[in-house]
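After this come two complexes, each holding subunit A, first together with subunit B and then together with subunit C.
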Partner chain A sequence: MATELGPTPVKQPASGGTDLHHAPKGVGEDNRILSQGKWASWLLAPTIIALGIVIVYPIISAIVMSFQKDAGLDPVTGLFTEGGPAGIQNYVNWLGQQCAAQGGGTVACPPGTLGGQFWTATGTTFLFTVVTVAFETVLGFWMAMIMARTFKGRGLVRAAVLVPWAIPTAVTAQLWLFMFDFNGIINKLFNVSILWTGSEWPAKWAVIIADTWKTTPFMALLILAGLQMIPAEVYEAAKVDGATAWQRFRLITLPLVKPALMVAILFRTLDALRMFDLPYILTGGANNTTTLSILVINQIRQGFNSAAALSTITFIIIFLVAFIFVRFLGANVVEQSGASGKGKK
Partner chain B sequence: MTTATAGADLRARQDKGRQAAQNREKWAQVRTYISAAVILVWCLAPAYWMVVTAFREVGFTYDTTPWPTHVTMDNFITAFDTSFGNKFGQALLNSIFIGVTVTVISLVIGVFAAYALARLNFRFKYLVLGFILGASMFPGVALITPLFQLFTNIGWMGTYQALIIPNISFVLPLTVYTLTSFFREMPWELEESARVDGCTQGQAFRRVIMPLAAPAIFTTAILAFISSWNEFLIASQLSNEATKPVTVAIASFAGAQPNQIPYTAIMAAGTIVTIPLVILVLVFQRKIVAGLTAGAVK
Partner chain C sequence: MKTRFLLPAATAGILALSLTACGGGGGGGGTTGGGSDAGANLDSRGPITYVQGKDNSNVVRPLIEKWNAAHPDEKVTFKEQTDQADQQHDDLVQNFQAKNADYDVASVDVVWTAEFAAKGWLQPLKDNMAVDTKGMLEPTVEAGSYKGTLYAAPVSSDGGILYYRKDLVPEAPKTWDEMMGMCSIAKQNNIACYAGQFKQYEGLTVNASEAINSAGGSVLNSDGKPNLNTPEAEEGLNNLVEAFKNGNIPAEAITYQEEESRRAFQEGKLLFLRNWPYVYNLATTEGSSQVKDKLGMAALPGKSGPGASSLGGHSAAISVYSDHKATALDFVKFLVEEEQQKFFATQGSLAPVFGALYEDQELVAKLPYLPVLKTSIENAVPRPVTPFYPAVTQAIQENAYAALKGEKPAKDALSDMQKSIETAGAGS
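Take a look at the complex of A and B:
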């Protein structure tokens, strides 16, 4: 009797309690989602409005501008000409490297003018992006693997990698310019006499090396964060099963760190595609180190509308690269930074 | 007797095995330390060279002695010298003013958005998150042309607001998504517990949530300030002599001789600009790394 009564009174209020607790909560949740939506829109409004003013408005206005002719002196008559609708002429000019010609038509831009640099600047931008991101990924991965180990002084190493990241790019550029000086430490150290900023490939390598130095830490820290999400037991189990170090790396580390790695590569790629400070200060864009961003900046003072067309092209290129990453390479940024409980790809 | 020798044999073999394992372990440790040393040198050597050069006499600019020689403070005085047209002191103040303003505005606006994204359920949440992340990856050049024209037309060229407003375009998204991931990790149950224990909503917020959120907000503020402090592209186009920030000032540092780059003074200026950041970053290292990587994993 006692045993039968015992559980029943205990069980009854408990189940009743949960029922009571659950029913209103369920109802309340419905209300809350509605009111949460309202709350959320109030809370998000300032950010959305601010970003609308500082990003969306300039984009739209750049697109509008890019379909306008630049006002200026007519190269033929020497008279001031008004702007006006240009259709897609600005885009055609950039992509076809055409410049306004005498008699109203267009001709291929003479070498040295900004209009004739579009494809070389695009090539340079992609070269810098591919090479620096490749270096940073390999170096960053290696650094992350080291920093993930336990050893004395690990904190020191982790702090040290933040130093290049914390130095402003403008300072980094001047610092490397100094080190790449003909009389500088790098030539002395490697016992070479290279005029680093004087010709095409040394100048390109100077930019690549300086950028790799500056941005590898960011990559390494992102990959390290990904590595630390892998539970140690997985490695232990693989070790017990007799997996070699290489197998553990290839079959455990790589696939499990892939989501974080893809996001890191995506971030760095988009950042490298808009590279400006470093080549602008280090080489001034000379010797074919002009990136798309530098070309836009050089164009601004020669005509807003044409510059707007070029910046829109740059924006589209970056957007396409981001799209390819997210769509085909599985860099799921939103989900990565989104709900933590959600499954990862 | 046979068992005794067999036992000794086994023990000897075990010892050998253990020793081999220990040796392997030791080697792995040695390799780790060598790698760590390589990382340290790679990351710190250029920064070290900047500081060493900053303290070197102008006449020994290209001296390559690896330790400090011909030590002097003159370069720091030269860095602030305005007689060659450099306004480094003014530029420092400009950078601090712009950085603080941008950080405060972004935090005040962003903290609400981050709370909503971390705590509330609503439709289009991922769309908003995607938009904000996309905004932070946005190329500065795509904004500069229309802003250049707009600010020229309304006479804002070279004003502080012309430098602050574009900075918000990349500092605000950074603020929002860093704060969002911090907020998501916070123990919000404590707020409800405080309510159960008799706190009012305001008290629960002030006494429980604020102290918990303060480190997250502080870290985000550091990250926001650093990214504004390091901005160069927009400032190089929209600022003038009086309002230009340090990055622009350092990029165009003039010396006594027009054809000679005053490297020692530039390195001194670079050291001044960098040291506070490096100290800040090292002191809050753990938090900063958490904030930096917040968007990418979890």
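Take a look at the complex of A and C:
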């Protein structure tokens, strides 16, 4: 509830439930709150306007653009002319993988067009998301469990673990590109000759390995924060009661760390659905490693309006995934636990 | 409490809506032919800005200083972009789209010229705004033109060169078949025979177009329509496909960009390499190079003579939105003058656009590849000149890649290329 205006001096009646401002109280106090609220909203207005300009406006503008045709070429002058309104044609084209045909109408997009890649790109994006997030969760959990223990040099380990996360993705991708080179260290080390970026599954694994390496630390630290919220007494009590290590993990650690874990998974999932740099640099999108984001970027160079439609579709897909997480899987990012925001459960 | 929020929230909302209304018109289309802008400010003089990608070898700054010293009232400011071609392209598009008057003169890659010209962003270089192209190599002028009008003055050029191991090959091959015949030499020496750039990226478009053009085919016909269902095009692409199949091109070449292929050659693992002129300097001076004294250079092999290289290079174009076009034109003319061309060549290893300079003793002493490069550029075919270049290169890359990997026969790949390019031109 972002609009809750900070600590007001009003004492809420113990019964609760009644609206704050209609509760009987002194007139002067009421005025003070009123002016305070007005003052606060004016203070907040610049932020709201800024957000409106940098977030709301581009989104709405993109949606408006997505209903326009891309510019076409005037055969006589050789100049581009505006496409005019397109209705939902751009969306229909993407979802049905249809491309413009000569002499009007549409045909199924032939191989070599961006339009023909929509569903494979969607599939690839989800494949990357599911596999990388699964790996990152398991490995991240394991790393967090180790880091949560007390041992010498723990601070150093925690800092060191962050290194992959701190390196810019483009740099990471370039490093992995060198390592996955045919004459690179990975082929040498395992004495194999795999064309990592030159065939479908090796290329996909290359992306997955590089992404897992990069973002597991993020997962680990978020989970570590969750682990540290669990009081040691709970474990001690369980030990006294004779719980085995596995029981302690399953019945204490997991349920108590779940809120933090779900938030971490949600963040990573949304991040992975937007994956761009790694496959773009490693493979350039070849060998079925084109993600939706790469497709959007490539399409921007061929026609803005159609790209706007695609990015709107991507936005909706990501939004749906986030919605499912928050609504059904209980990822609690929006609401505060406790009395203030008792939302749907 | 929400009611108190109404006022600012409403303000923001109205603001957003009004902005959107503007966006609908401006951002939504914005791609009209610039007929009116092209006629404005033709005689106006004043300070201008020159936009170009990263000036890695420090050639642009000294030239601009020289210009500024001579023209104190018409100073040029250098706006340096990143060194990534895609980002340079997108930056130019954004600024032209916004009709930004600050981008007076821009350095334009040969493959962007048609797109920018068709969007109406570039000042046609004709009549009062004409730039003299006499003495310039024909393909460079062709690459700066769209529909018969020059839109960008050629500043630097680039063409492919066949590097070979002169210690192993007595005489450079003139034709593709001759080169393939020499692959037995590679086998005897236990190295791979030929490589170019075959990863799925712009370099593959360059290599595939070269193969097609060298065999007598063409990607687009003179009307800009795709022309790929021809026996010549099939023969060209098949040359590469066959070479991959029989191992004359090593399998790992499917992951090669310029640098990977250069490294393989420099490490002595390749007999023949197709690459750009920049390799010469590195291969002869880098400490790790195994081929320092064994480097031979020749024009690309074709069907019965020199092959058709893809053309690289940059041109200087004047924005139609410039406020000082007379100055801009003078600056463009200054950039293509012989003296500046020489400086580009010696300081930045950029190939000149004037044919005569390739025989300049001083330059040839410094850049021994110039005579070979001249043959290469003279026989060069500009990469498909089309306003739909991004879609065309996508179609070539994806289908050529599939053919090289043996996923579909060259004939099918070409017919898919043809169809893809047709849908791009059909304009949705």
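Worth a mention:
One rule holds in what follows: the second predicted complex is superposed on the first by the 285 of 345 C-alpha atoms of A that agree within 3 Å, B and C clash if a C-alpha of one lies under 4 Å from a C-alpha of the other, contacts with A are read in each partner's own complex, and residues count from 1 in each chain.
FYI, contacts are C-beta pairs under 8 Å (C-beta built on N, C-alpha and C of every residue); 3 or more make two chains touch, one makes a residue touch a chain.
This is a predicted model, so every value here is computed, not measured.
Superposition note: with subunit A as the common reference, subunit B and subunit C are in steric clash.
In the superposition on chain A, A:Leu114 makes contact with subunit C only, not with subunit B. When the two complexes are overlaid on their common chain A, residue A:Asn93 makes contact with subunit C while staying clear of subunit B. In the superposition on chain A, contact is made by A:Ile48 with both subunit B and subunit C.
In the superposition on chain A, no contact is made by A:Thr289 with either subunit B or subunit C. Partner contacting the larger number of subunit A residues, of subunit B and subunit C: B. In the superposition on chain A, A:Thr137 contacts neither subunit B nor subunit C.
Once chain A of one complex is fitted onto chain A of the other, the partner contacts of A:Leu195 are limited to subunit C, with no touch recorded for subunit B. By the touch criterion defined above, A:Thr125 reaches neither subunit B nor subunit C. By the document's definition of touching, of the two partners only subunit B reaches A:Leu270; subunit C does not.
In the superposed pair of complexes, A:Met65 makes contact with subunit B and with subunit C alike. Looking at subunit A, you'll find residues 37, 41-42, 44, 48, 51, 53, 57, 61, 65, 181, 183, 300 touch subunit B in one structure and subunit C in the other. The touching residues of subunit A, when paired with subunit C in their complex, are 3-5, 20-21, 34, 37-38, 41-42, 44-45, 48-49, 51-53, 56-57, 60-61, 64-65, 68-74, 77-83, 86, 89-90, 93, 99-103, 106-107, 109-115, 181-183, 193, 195-199, 283-287, 298, 300-303, 305-306. Contact residues on subunit B toward subunit A in their complex (touch as defined above): 29, 32-33, 35-36, 39-40, 42-44, 46-47, 49-50, 53, 62, 64, 109-110, 112-113, 115-117, 120-123, 125-126, 128-135, 137-150, 165-166, 168-169, 172-173, 176-177, 180-181, 184, 226, 229-230, 232-233, 236-237, 246-248, 250-251, 253, 261, 263, 266-267, 270, 273-274, 277-278, 280-282, 285, 288-289, 292-298.
The part of subunit A that touches subunit B in the complex is made up of residues 32-33, 36-37, 39-44, 46-48, 50-51, 53-55, 57-59, 61-62, 65, 142-143, 146-147, 149, 151, 153-171, 173-179, 181, 183-185, 188-189, 213, 217-218, 221-222, 224-226, 229, 259-260, 263-264, 267, 270-271, 273-274, 276-277, 280-281, 292-293, 296-297, 300, 304, 307-308, 311-312, 314-315, 318, 322, 333-338, 340. Contact residues of subunit C toward subunit A in the complex are 1-2, 4-5, 7-9, 11-13, 15-16, 19-20, 23-24, 27-29, 31-33, 86, 89-90, 117-120, 146-147, 199-201, 251-252, 254-255, 260, 263-264, 387-388, 390-391, 394-399, 401-402, 405, 416-417, 419-420, 422-428.
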